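One chain, chain A, links the two complexes that follow: it is found with chain B in the first and with chain C in the second.
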Partner chain A sequence: MPDLRTLLTATRGRGRFDWTDWFTYGYLLLGIVLMLAPVLWLVLSSFKTAAALNEFPPRLLPYGPKSVTVPGRSDPAPVFRVKLPDGTTQELAELRRIGIQATMVDPAHPSDEVRVNIRDREPVREFRLATENYTELFGQFQFGRFLWNSVFITVVATLITLLFNAMAAFALSKYRFRGRKVAFLVILATLMIPPTIVLVPNFFVASSLGLLNSPWGVIWPAVATPTGVFLLRQYMLTLPDELIDAARMDHASEWRIFWRIVLPLSAPALAVLAIFSVMWRWNDFLWPLVVLSKTEDFTLQLALNAFQGELTTQWHFLLAMTVLTLLPVTIVFAFLQGYITTGIASSGVK
Partner chain B sequence: MRVLQRLLGVPRIGWAFVAPNLAVLGLFTFLPIAINFHYALTGGAQLYPTERPFVGGENFAILFECTNHFDPSTCRKDLFWRAVYNTGSFAMLQVALMVLFSLITALVLNRKILGRGFFRGVFFYPVLLSPVVVALIWKWILQREGVLNALVQSAGGTGIEWLNVSGWAFSWTVFVSIWAHMGFYTLILLAGLQAIPADLYEAAQMDHASPWRRFSRITLPLLMPSLLVVIVLALIRAVQVFDEVFVLTGGGPGSATLFVVQFIYQTAFAESIRLYGIAAAASLVLAFTLLVLTLVQLRVTRRSVDGGRDA
Partner chain C sequence: MASLRMRRVVKRFGETTVIQGVDLDVADGEFVVFVGPSGCGKSTLLRMISGLEPVSEGDVWIDDKRVNDVSAADRGLAMVFQSYALYPHMTVYQNMAFGLENIGTPRAGIDSKVQAAARLLQLDTLLARRPTQLSGGQRQRVAIGRAIVREPSIFLFDEPLSNLDAELRVQMRTEITALHRKLGTTMIYVTHDQVEAMTMADKIVVLRGGRVEQVGAPLDLYNAPSNRFVAGFIGSPRMNFVSARVLDAQPGDLHLALAGGGEARFSVRGDGVSAGETVTLGVRPEHATLGEGEVALDAKIDAVEQLGAVSLTYCALSNGEKITVQAPGQVAQRVGDSVRIGFPARSAHVFRQTDGEPVVASHRI
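Now for the complex of A and B:
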């Protein structure tokens, strides 16, 4: 008769639950904590008030001062745990305070006022999300401006990327012109030239084209991605040439063939490239840092960098802003995880 | 387009379709490569190339002038050499650890486990976060009154200013960059693992091969091509490390986490006198390193493709 341990740890198909299984689940558990906990900690912290963020050691969940509405008063009154002269403690709401004397009242009996020394009381705190970190962002820090800059650059750059890369991919997959192979190789070769090594001359090119301190200075250099051309060309090669020949019979112009036939049929590959491009542009840092030097032109990434470097960092705003910056990417990932991972696995580029 | 079509004829209109892409690449990639040489060979702080005096190899001479190349403090541009040594040790440490952990993660995720898709997502998620966000997430944890110090103190230790102590700051840049990029390499290795035929493992099972033997005799040799690609790719990225570190430590304390790209950025854009020539010369040194690594990569990929054909 098998003993209980073998029965419990038996796995389907294979024999015993050996050390590799223990290792696997231990590793996964550690991995999930290490990968997700930092992000969760950021999100939890972003809901704490400035005062709560200054506490050390920090609490896990966001807490704020508890307050109640006392009948007959318009403002909510803060609640304190008060040690009464007879030795008992009670939660009372503060009506007013003069010096070290506070006038407190039990919200259930608003007429019985009690005077206490403020040393005999401490504030009561309750679980409360400091959503004002988020709502006040839009008023402070020109946050809306940075958001708009980021969205504008991301959307426009992605649209141009899709158009330019699809045009190039169309030509490289459906025409047999002289120099086609050379053009393809030249485009692919740029994969090996990282932008970090042409930083100085690119700054000059951008400056002579009048692109400094303009979102177009971030957009134009980024739109001719070799990855995109490669991805789209491979896909377009699988589209049957007969479709194009048939359209030519009907006297469709080459542009019309591209716009009306090839582009719609390439939608799956375009979708993958669109996701990539959105991620790339949203997360861009070094080149925007070089091109955009005025605060009002900053993208969210640049604004985050600028504010974290200030002498007195306002962490409650900074954390909320960080969460809002990672939110779009997180949402895209949650819904399109399959697209992203297969796209990366097949092209080897992120 | 119609006019162009009449002008060029149908096959040659292909050029018209490639033109916008090539124009952008020409303007922002190929032209800059040429101008970069000009910057590297000229001096002064002027941005406009024609205003810059020719100095020949002086910028390189300044960068390389050292009494003892193994001791950065004896160099004229001591920061450059510190950056070079930091980048070298960062690349070696980071790539070794990253490949090791990506491999373990890929092996674990390749098993028949509950919720595999979910776990894959968890390990991959940080790859998509922007470097600034990654840096801020960790900066918040590592700050003096951060949660890590709270945990250390509750375990009876004393808090440490993680990002203000050279050794710790350097270790954390390695850790954070692994945290952020590991998922990418895990994904490539996972694809490599899934290409290994399952019947090999079934045969090994029949012969009662131990898990370690199955790994060392089947998995490792067949995964070698993917592993080599991952190592070279990771090296190419590691040599260019900038974003996360720049936000996390700013290169400090002192120059403990100053890397080559940050040296280039600071020399050209963050100093009051912008020494474009020195920065361009340093870019060329970096470009040369990357060129060597890329050639290695091409060799490795070609061999791994050929190896695949043989198998």
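Now for the complex of A and C:
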């Protein structure tokens, strides 16, 4: 791609690299490493076996013991690098081991068995992705159940958030009524109250409404977001009032104006809010932890937490699950980020 | 098809009164133009007719129905906005069909009406496009098309041509007047451009500061402005105003002393003025000539604009007052030349300086 090349070799001035260019690229590279390295480390580690995870010093890439099938045997046999009595080293497969003596064989000549002291050999490792971390997840721990809980809460809460916030923003941006400014300021003021402070009152409300231990208990308290109202209101203010007047002259009801004119034209802002909402709901931990106490209601985040057992933690599963938890947000962002840029572009230019 | 009646209509925004008691009658099928400087309340008046802006006081009737409390949607009017206000996310077809969908027109009916309007406005080939893919003139036509399909009883135009370039404006002007002839629907048109008003209107309403200054046919306003403001506003280039002192005022004979020492007699009624008072003499640039005339003034040329077919000469009198002469053809005079400017006494308007009302010419009494 010529575009990418020119982008990556762009300089401040024309032609040669200036020291500011070196500085800029260095700074950007540092940023990339800082942000991407932990994620990369996580993804690579999630493909390591439990044994490889406990290895010290840790290795960057996932390795597993190499094994071969020896003719005449059903199970694959592990491969070792053996120092033979004559001083040469050779890769041999282990047939069986008794005490410190192992019976080895060259897979090419299965009839020539060799007896070796286990101190004279070391296991051969090869690059291998432990995909069983992922495949076994789906069979165990009700993973599918947690995934469904998370997806349901995220999707439904986001849809309701978009609808409610857009309606509030439409009223605040396009109707002139007494108390409009006060209403807006009150909504904004709620931004200044830390969520931990309203945690207990929220819990009482949810409890008295019978929303505990139900996904709706996570959804309803989350749908009215001051940030969303603010974001959408500011965007809707830029929609010309004449459009709404024109729709009124076109005999459109107020709901129709909202649904057919204002909502489609606010798509860039709605996309931004949708991304936010998906991220908030997907990554939400504290409130679901309070509301949901039965394991079958758990979201992925809660399940991840529950995975860290009191005595043992199955790190290879935990890491695989973390990667899966990261994926949806990444995908959403990848698809909707174009909307964000057009949103900025369209609101910036006109 | 409808007539419109407004009685003592007032509009207030908080403390400020924008429309101060307007009375207006628009007959069925008439093309009425509201004209006035910016901030005169002409757009507000139009929005009050449309129902988008509530009336603070007074009554609005469409035909014989008082519509003060009828919403914009239910008044059966259509409006073309200054910014066109096309729905940017819909195609041309959808833009025109939206209003019909809202009143529950069956699909086939929508289609035939939109197609008919598109043919009328030469938009047939553009129906699948979005507004952003159209030129200014095309957008304007879509906005008009959107108004036409609803078959409104009155068309409202809010400065529809102000966003177009000069050439297109002239073209759209004739297109809108042709449309009015074809449809025969009542149209109310707001503009600040007096040329549009003069060329399009059956009746012009001149507004200033929320009041109606004069209502009448374009040429009546040109020939007999009811005050100095209308005289200055209608006509291009605008009327020249020079001050003069009254020497003697008799019915049918007003004797004035002009700036620079000249004297002249005007056969106007002359009541309401007395000797020694200062009055304003108004003369249109196209009535003045470079050279001697029935009334003549000494002046010096400040600037000359030669347009080929006509020439505009901008002059200054000895007392600093400016006067413009529009002469057919080309002129030989140059900047800095001293010239005489003459005009027939009959073509001049005399205004009292106290209230700007004209001292009416005798031949019009």
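To be clear about the criterion, the second predicted complex is superposed on the first by the 253 of 350 C-alpha atoms of A that agree within 3 Å, B and C clash if a C-alpha of one lies under 4 Å from a C-alpha of the other, contacts with A are read in each partner's own complex, and residues count from 1 in each chain.
In the analysis below, contacts are C-beta pairs under 8 Å (C-beta built on N, C-alpha and C of every residue); 3 or more make two chains touch, one makes a residue touch a chain.
Keep in mind that this is a model prediction, so the values were computed, not measured.
After overlaying the two complexes on the shared chain, residue contacts for A:255 are found with chain B alone; chain C is out of touch. In the superposed pair of complexes, A:88 makes contact with neither chain B nor chain C.
Within the superposed three-chain model, A:192 lies in touch with chain B and out of touch with chain C [touch as defined at top]. By the touch criterion stated above, A:242 is placed in contact with chain C alone, chain B being left untouched.
Looking at the shared chain after the overlay, A:264 reaches chain C, while chain B stays out of its contact range. Greater residue coverage of chain A by touch, when chain B is weighed against chain C, goes to B. In the superposition on chain A, no contact is made by A:111 with either chain B or chain C.
When both complexes are overlaid on chain A, the residue A:229 reaches chain B alone and has no touch with chain C.
In the overlay built on the shared chain, the residue A:220 is in contact with chain B alone; chain C does not reach it. When both complexes are aligned on chain A by C-alpha atoms, chain A residues 248, 253 touch chain B in the first and chain C in the second.
Across the complex, chain B meets chain A through its residues 1-2, 5, 10-18, 20-22, 24-25, 27-36, 38-39, 47-49, 104-105, 108, 111-113, 117, 119-133, 135-141, 145-147, 149-150, 153-154, 179, 184, 187-188, 190-191, 211, 229, 233, 236, 240, 242-243, 246-247, 250, 261, 264-265, 268-269, 276, 279-280, 283-284, 286-287, 290-291, 294.
Within the complex formed with chain A, the residues of chain C that make contact are 47, 50, 52, 71-74, 77-79, 81-83, 85-89, 98-99, 102-103, 146, 150.
If you check the complex, the residues on chain A that touch chain C are 240, 242-243, 245-253, 256, 260-261, 264-265. Residue ranges of chain A in contact with chain B, taken from their complex: 13, 18-20, 23-25, 27-28, 31-32, 34-36, 38-39, 41-42, 45, 54, 56-58, 163-165, 167-168, 170-172, 174-180, 183, 186-187, 190, 192-194, 196-205, 207, 209, 220-221, 223-224, 229, 248, 253-255, 258, 279, 282-283, 285-286, 289-290, 301, 304-305, 308-309, 315, 318-319, 322, 325-326, 329-330, 332-333, 337, 340-341, 344-345, 348, 350.
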